[in-house]
Every structure is written in structure tokens, then in C-alpha cells.
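Take a look at the structures listed below.
In the two assemblies presented below, chain A is common to both, partnered first by chain B and then by chain C.
Now for the complex of A and B:
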């Protein structure tokens, strides 16, 4: 599990790599919390390199979504591979998040 | 056994005969010696949950599958109800009606489950039903098993409701096709939930196909919302397993049984690592509540 962070036009883009489950979702939670506590209102998550995501990691994303929504922010999910998209779909999470094909398209939402 | 072993819940969605594709999951759990603490089922999933909950081995359920799929179970039509649908003379349709007569189905459940009550099952088994008069989703966990299993799959108006202790029940599908929330409420740590995908027919050519399509859309939407809420409220892992069927399978298609089992095997094969990992991560996890108590 690895999380890379970059910033484009004040929008933090977190690229998630590897497996996110009950063991690793704590790190994801800490990273997202630190980004939100650092003042980020909107966040883009690049999911292209996610091998696996479990319900505990989905819960972390939902908690973060609730946090950014307090400041009228959003979390955009970008570049979801089909196996990840299926998890979000089954879990009913596709309807909760903004979803874009690429990070570039995601960034346009914030313009 | 570690004190930190997770409580395991298995939830089986509605899906008529397709729900028998859950058998390979139970075979896998049996091979891995993973005990089940709770079974929750709806409709077709309720039949399989009850079979396992009553103490049948997965192999026995596999062997009995044909028994559940006898075309004769669905052959006795209720002509008065059918005529009533068109307001024809001598026809009558009311809240007790159904296009099919339920006696043969109930007889089969009595034959298989005897006069056992749900509370007597060796594994705690819950069946999702819908209260006909209020529209509320309910869980049956005690009382006569055969009647409860029928209620969970009484897809009105095809099958009539059943009255149990003065309350009329119909298929749990109408309120919670995948009753995963019940397993969350019952404090299961690792929840394995099977969804039997039934594709929307792209070119429906009959009244029933159109009707089924609407049922499927409504159920899929409801399942998504309820699953999202269950994940939010849960505190370990919910493993969602989609068992993908490419076409609708009718209740009496006995020739489809080998394919049904095969689809189930493939779906479970892809999730074995995830199931084992969810159990392992729970076992390794710090006993949070014990620590909290000792620090007070």
C-alpha cells in the first residue's frame, strides 16, 4: 500500500497504490485527515493503481467525504479500474462520490 | 481458539434458484473450518440459509437442490385469482390471492424441514420478510421454519401472502433483498454477503419480463442504499460477492443446476483470499474495547 500526493491548482491529488483493507485503511485515514486538517476543501483520489479495496477502506473514504462536506467540499474519484468500480457499485458508493474518468477531468470540476 | 476471533455472518440475497450458487461458499468455509455465527437470508437466499442453518452440510444441500426445483411446485394455478386480475365473472383478487397455489411449496418445505422451529436450528438463522399490511421489512427468527421460509419468498402477486400469528407476510425482497444491515445490527465482525446478479432483460417481450425488469431495478437501487448504510455502520469487513448470471434462470430449470454451482464456484474462488484476510486482520487487531476499559 502506498499513497503519493501531489498538488495541482491547490487541489490535493492522492494517488492510491496497492491493497486497502482493514490493516492498511488506518494509514489512508491518517493521510486523508491530515490533508483535510491542512485546509483542503476538495480532494481528488486517483484510484488507477488500486489492486483491492475493502469495505473498511470505503468507510474511511465516506468519513472523509462527510468531513469535506462540512465545508461544502467534494471528493472526486478518478481513473477507477473496473474491479474497483465494481466494489464501489456493489457497495452503493458510486452515488455518493463524484466520479471522473481521469484526474484531468476531475480537476475541471474544481475550476 | 484466539479470544479475538471474529463473529462470522453470511448473508444471502434473494435470487430464487440462483441462490443455490451459495453452496460453494459454504463448502469453502467448511474446508477452512470457518464456523458461521449467523445466517441471514431473503427469498431464494432464505431457502439456502435455512437449509444450512438447520444443520444440513453443503454437500447435502447440493444433493437436495433438485428437490427445490420441481416444476410441479409451480404448476397449480389459482384460476379464480387469475380471472380476478381481469375482473372476469367468478374471479376474485384480494390481499390473500396469488396466481399460484402455495400448498405444494409449503408441503415441500414441511417435508424438508419437518416441524422444526427456526429457533431450534443449530446455526442462528434469520429470514427477511415484508409485512403485507404495513410494508415494513421484518426479520423472522422463531416459529415454524417451513412457514417462515415460504413467507420470505412469497413473491406477491405470483404467490399469495402467508399469515403467521395473525400477520400477513410476503417476500422480503420488497423491503431488503440483501439484508446485510441485520448482520451489522447483530454485531457480526466479518460479513460475507452474496448478491445473485440477475441482468435486466434488454428486450422484454412479455408482461412478466417487463414486470421482472422493474422489480430488479427497484431491488438493485434499494440494495445499494442499504449496503452503503450498512458499511457506514459496520466496524470491520463486509465482503460483497457478486455472483454474476448472464440470463434469468427460471425456478424449475433443473438442467441449469450444474451451471449455477459453477458460477458460484468461480465467484467464491475470486474472494477466498479476501475472506481469509478479513478474518486474519480481525484476529490481529488490538482488542480495542478491552484496552479502553482498563484505561478508565
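Now for the complex of A and C:
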């Protein structure tokens, strides 16, 4: 599990790598909390390199989305592999988050 | 081959479960979707037991077994926690608006969607959940 962070036009982009399960999701929680506490309203998550995701990580994302929505922000899920997309779909999350094929397309939303 | 693994009620034992499932998946040449689904469903059920089954802080054993034949994977999860039947757990409301979405119930929902059959019974103060996943083999040639 690894999270790389970069910033484009004031939008934090977190690239998630590896497994996001009940052992590792707390790192995602800490990172997202620190980004949101740092004042970010909108966040882009690059999910291209996610190998595995379980409900522990989904809960973290749901809580974070509720947090940014308080300031009318959004979280964009970009570049989801099909196995990851299926988990989001089963959880009914695709309707809650903004979903884009690539990070570049995701960034256009904020222009 | 029957895989049998005994885990402690400690989330770090999830790594042992993941390794066992990966070995099982490789040995039976199961496709990546089945491997992913097994990892997901069994993690959700294992973590659910750890978080909700025990009132004490004692060590408990959670036993997971998997068996394979050409048409299906079957398995069982046994724990000595409080009586809980996941098959009767209510479905989360997936159409609720964001503000009304609850964090609970998602894991069991994901497990339910992966298995084709699952059946619960209580025996000698133990929760026993049997499950089955049918396999659809791609035709060769």
C-alpha cells in the first residue's frame, strides 16, 4: 500500500497503489483527513494502481466525501480498474462520487 | 485440496488469510476475479467477527476452510462469538442519499453478493457459516 500525492491547480491528487484493506485503510484515512483539514475542498483520487479494496476503505471514502460536501466540495474517482469499479458499483458508490476515466479528465471538472 | 486455517481475533491475522487464499487460488488455477472475490468476501466476514462477535478481550480462534472441485468452491467459517447470522443481516439502503448513507452493513453486503449460496447454523456455542461459489470455466480450444 502506498499513497503518492501531488497537486495540480490547487487540486490534491492522491494516487493509490496496492491493497486497501482492513489493515491498511487507516493510512488512507489519515492522509485524506490531513488533506481535508489542510483546506482542500475538492480531491482527485487516482485509482489506477489499486489491486484490492474492501469495505474498510469504502467507509473511509464515504466519511471523507461527507466531510468535503460540507464545503460543497467533491471527490473524483479516476482511472478505476474494472475489479475496483465493481466493488464501488456493488456498494452503490458510483452514484455518490464523481467518476472519470482519467485524472486529466477529472481535473477539467474543476477548471 | 482442503485449506484449513485458524486465525486469531486480531486484524493483523488478515495477512495470513490473504496468503492462504492466494496460495489456494494459485494451486487451483482460479481466475483473478475469483481470487479477488474470495479475498473480499472472506476479509469482510473475518473482520466482522473480530469487530462484533466478542465482548471480552480474550484470544479467540476463528477457523476458515476452503474446498475445491471443478464446479465450485465451498467453505466454512466458524467462530465462538455471540450468536450472529450474517445471512439475515439487513441489506444496506444503497439508494439513500449521501447524508443518509450508513457505514455499517457494507461488508456483509459485499460477501453476500459474491457467494452463490450461504447457510448459517449455531452449534455448541459456535457460529458456523457454510458458503459456496460456483465456478464457470472458460472453454478451452
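Note that in this section the second predicted complex is superposed on the first by the 111 of 111 C-alpha atoms of A that agree within 3 Å, B and C clash if a C-alpha of one lies under 4 Å from a C-alpha of the other, contacts with A are read in each partner's own complex, and residues count from 1 in each chain.
Operating definition for what follows: a contact is a pair of C-beta atoms (placed from the backbone, for glycine too) under 8 Å apart; a residue touches a chain by one contact, two chains touch by 3 or more.
Keep in mind that what you see is a predicted model, and the values were worked out from it rather than measured.
**Q** Name the contact category of A:69: first (chain B only), second (chain C only), both, or neither.
**A** A:69 contacts chain C only, not chain B.
**Q** For A:8, is the partner it touches chain B (first), chain C (second), both, or none of the two (neither)?
**A** Neither partner.
**Q** Name the contact category of A:22: first (chain B only), second (chain C only), both, or neither.
**A** Both: A:22 reaches chain B and chain C.
**Q** A:59 contacts which: chain B (first), chain C (second), both, neither?
**A** Both partners.
**Q** Residue by residue on chain A, keep only those touching chain B in one complex and chain C in the other, then list them.
**A** 21-23, 52, 54-56, 58-59, 62, 87, 90-92, 96
**Q** Residues of chain A touching chain C in their complex?
**A** Residues of chain A touching chain C: 19, 21-23, 52, 54-56, 58-59, 62-63, 65-66, 69, 83, 87, 90-92, 96.
**Q** Flag every residue of chain C that touches chain A in the complex, lowest number first.
**A** 11-12, 14-15, 18, 32-33, 36, 39-40, 43-44, 47, 92, 94-95, 98-99, 101, 103, 106-107, 109-110, 113
**Q** Which positions of chain A touch chain B when the two form their complex?
**A** Residues in contact with chain B: 21-23, 52, 54-56, 58-59, 62, 86-87, 89-96.
**Q** Okay, in this complex, where on chain B does chain A touch?
**A** Touch residues, chain B against chain A: 195, 223-229, 231-232, 234, 236-240, 242, 274, 277-278, 281-282, 284-285.
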